[in-house]
Amino acid sequence: MTDTATPQWPPFLSLFAQELTQNLTPKLLTQLMRSVGTQFSRQHTLHFAGTVADMQKGMNDVWRELGWGRVEIRDAQSWLVLTHHRAPLRTVFGPDNLTWAGAFLEGVYEAWMHQLGADSHLRVTAAGSVDPADPSGTMVFLFGK
Amino acid sequence: MTDTATPQWPPFLSLFAQELTQNLTPKLLTQLMRSVGTQFSRQHTLHFAGTVADMQKGMNDVWRELGWGRVEIRDAQSWLVLTHHRAPLRTVFGPDNLTWAGAFLEGVYEAWMHQLGADSHLRVTAAGSVDPADPSGTMVFLFGK
Amino acid sequence: MTDTATPQWPPFLSLFAQELTQNLTPKLLTQLMRSVGTQFSRQHTLHFAGTVADMQKGMNDVWRELGWGRVEIRDAQSWLVLTHHRAPLRTVFGPDNLTWAGAFLEGVYEAWMHQLGADSHLRVTAAGSVDPADPSGTMVFLFGK
Amino acid sequence: MTDTATPQWPPFLSLFAQELTQNLTPKLLTQLMRSVGTQFSRQHTLHFAGTVADMQKGMNDVWRELGWGRVEIRDAQSWLVLTHHRAPLRTVFGPDNLTWAGAFLEGVYEAWMHQLGADSHLRVTAAGSVDPADPSGTMVFLFGK
């Protein structure tokens, strides 16, 4: 690797996350992360999506560009289930901090849904990873009441 | 870029930095960043350095590995002047946040100096970038009393 | 004054407020104070009030008990105007911090209004003190859309 | 009690303390409180004290004025033991928050000792209350290495 390599952020971010948890509670960190997600959605706005498949494609265009994995959206009657594969949050923030770090994605998905015209009362909530021991970074979110 | 690309952090980090400045003062953020720097130095310990050139080489081994630019150390009588070229902090955190974001490097350099045996009363302080308008990310630090 | 005098808090609180502003932004402090106000309203619940005069009386029973001044409520068509006389916040927190410190009262009044059955979309906002130079601690709040 | 009664702060402070613990860690709150103590000592400076008895008297003049109980200082060879009786912190902040709230007194005592000429390396540390179940508010601090 030469001097002009792309800067790596994970070593810094991991330590920064630890320092933040030494000073701020998970409650406040969750709130900050959700807000960061909302801001992110404003910088990466989605166009109109007529179908769940369109929606998924629009979101994955953003994630692909960033190398942040991909989302799969399933319509489960009164909910949309969003399964985000290979989210990089777990690796960098650590499993202990995943609850608050994952609030970033909650914020992004909720704001995207509202951008696309969903009722402003509907919320995104984390449903936990498919398997807590799974290091792959899969995270599941529910969108609904 | 494929789905398995290396995740990019700068877009997230820039927004996270903005959110932090909305809630925490530069004073507190400076303190947190310095502490992150100290932790970083413990994860990337330097071996004995008999000369300033050795010291510089040891530090640059770490920065090269991370793609974080390179440092040049100059002995200026009662000070060591550390000029860090291409530090990625400015690009990601923005010029407005460089004072507190740069405290990360202050913390790293100070802890490294103490690891190498320097008197614990000696401190690293930022001397500002060589040219405030310079977007290259050069940051200068002084080590001394 | 003997050893068993009632402990005085203002000297401590003034310094505590200054320390908080050194570390947390007015935005975060405002949010915290509003939340403290909401909690306060839960500890000092108001009974049913059929008229504005009843409402005012219920609130002043709480403030009188605490020596926190008194509120006067005026019905101004689409708003209720709440004028809080002799609020002790200005003296203790200082004029510079009154915006965020006053969010405590915003939180109290808003939660009280909702307790009494007001539409949950209606909000309390600070209208500033009647006269910025007035040291008496009068603070005015509007309740409405 | 009339409208012009002295404002009571404990109900507000108790809720404020709870809100702070919802957002900031005990580690950060301890640091803030110590700093508040240092500032307090600058507003209530002690005059020269030739003896431990003088020192105790100077401190108790401050505490008496505020109704904050009284301190008893005992010379225990390499330590000074400061026993603060009827500190109002426990009642207001609650036993769960006493560790960080008590850092206020640590900061005050340490800064006072340094004002009086003690070696700047010597520190005040909390020794816990004499009896954890004791609601009287007695707090013990050690001053030494």
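Note that the chains are named A, B, C and D in the order they appear, and that numbering of residues resets to 1 at the start of each chain.
Going forward, a residue touches a chain if its C-beta (ideal position, glycine included) is under 8 Å from a C-beta of that chain, and two chains touch if they have at least 3 such contacts.
Just so you know, these numbers come straight off a predicted model, no measurement behind them.
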Far-end chain from chain B, centres as C-alpha averages: C
Separation of mean Cα positions, chain D and chain C [Å, integer]: 29
Chain centre separation (chain B, chain D; CA means) in Å: 38
Rounded Å distance between chain B and chain C, as computed from the means of their C-alpha atoms: 44
Overlap residues in chain B, where contacts from two or more other chains coincide: 22-23, 28
Pairwise touch network: line, ring, star, complete, or other: ring
Residues on chain C engaged by chain D in the complex (per definition of touch): 1-13, 15-16, 18-20, 22-23, 28, 32, 35-36, 39-40, 43, 64-70, 86, 88, 92, 104
In the complex, chain D residues that touch chain A: 21-25, 27-28
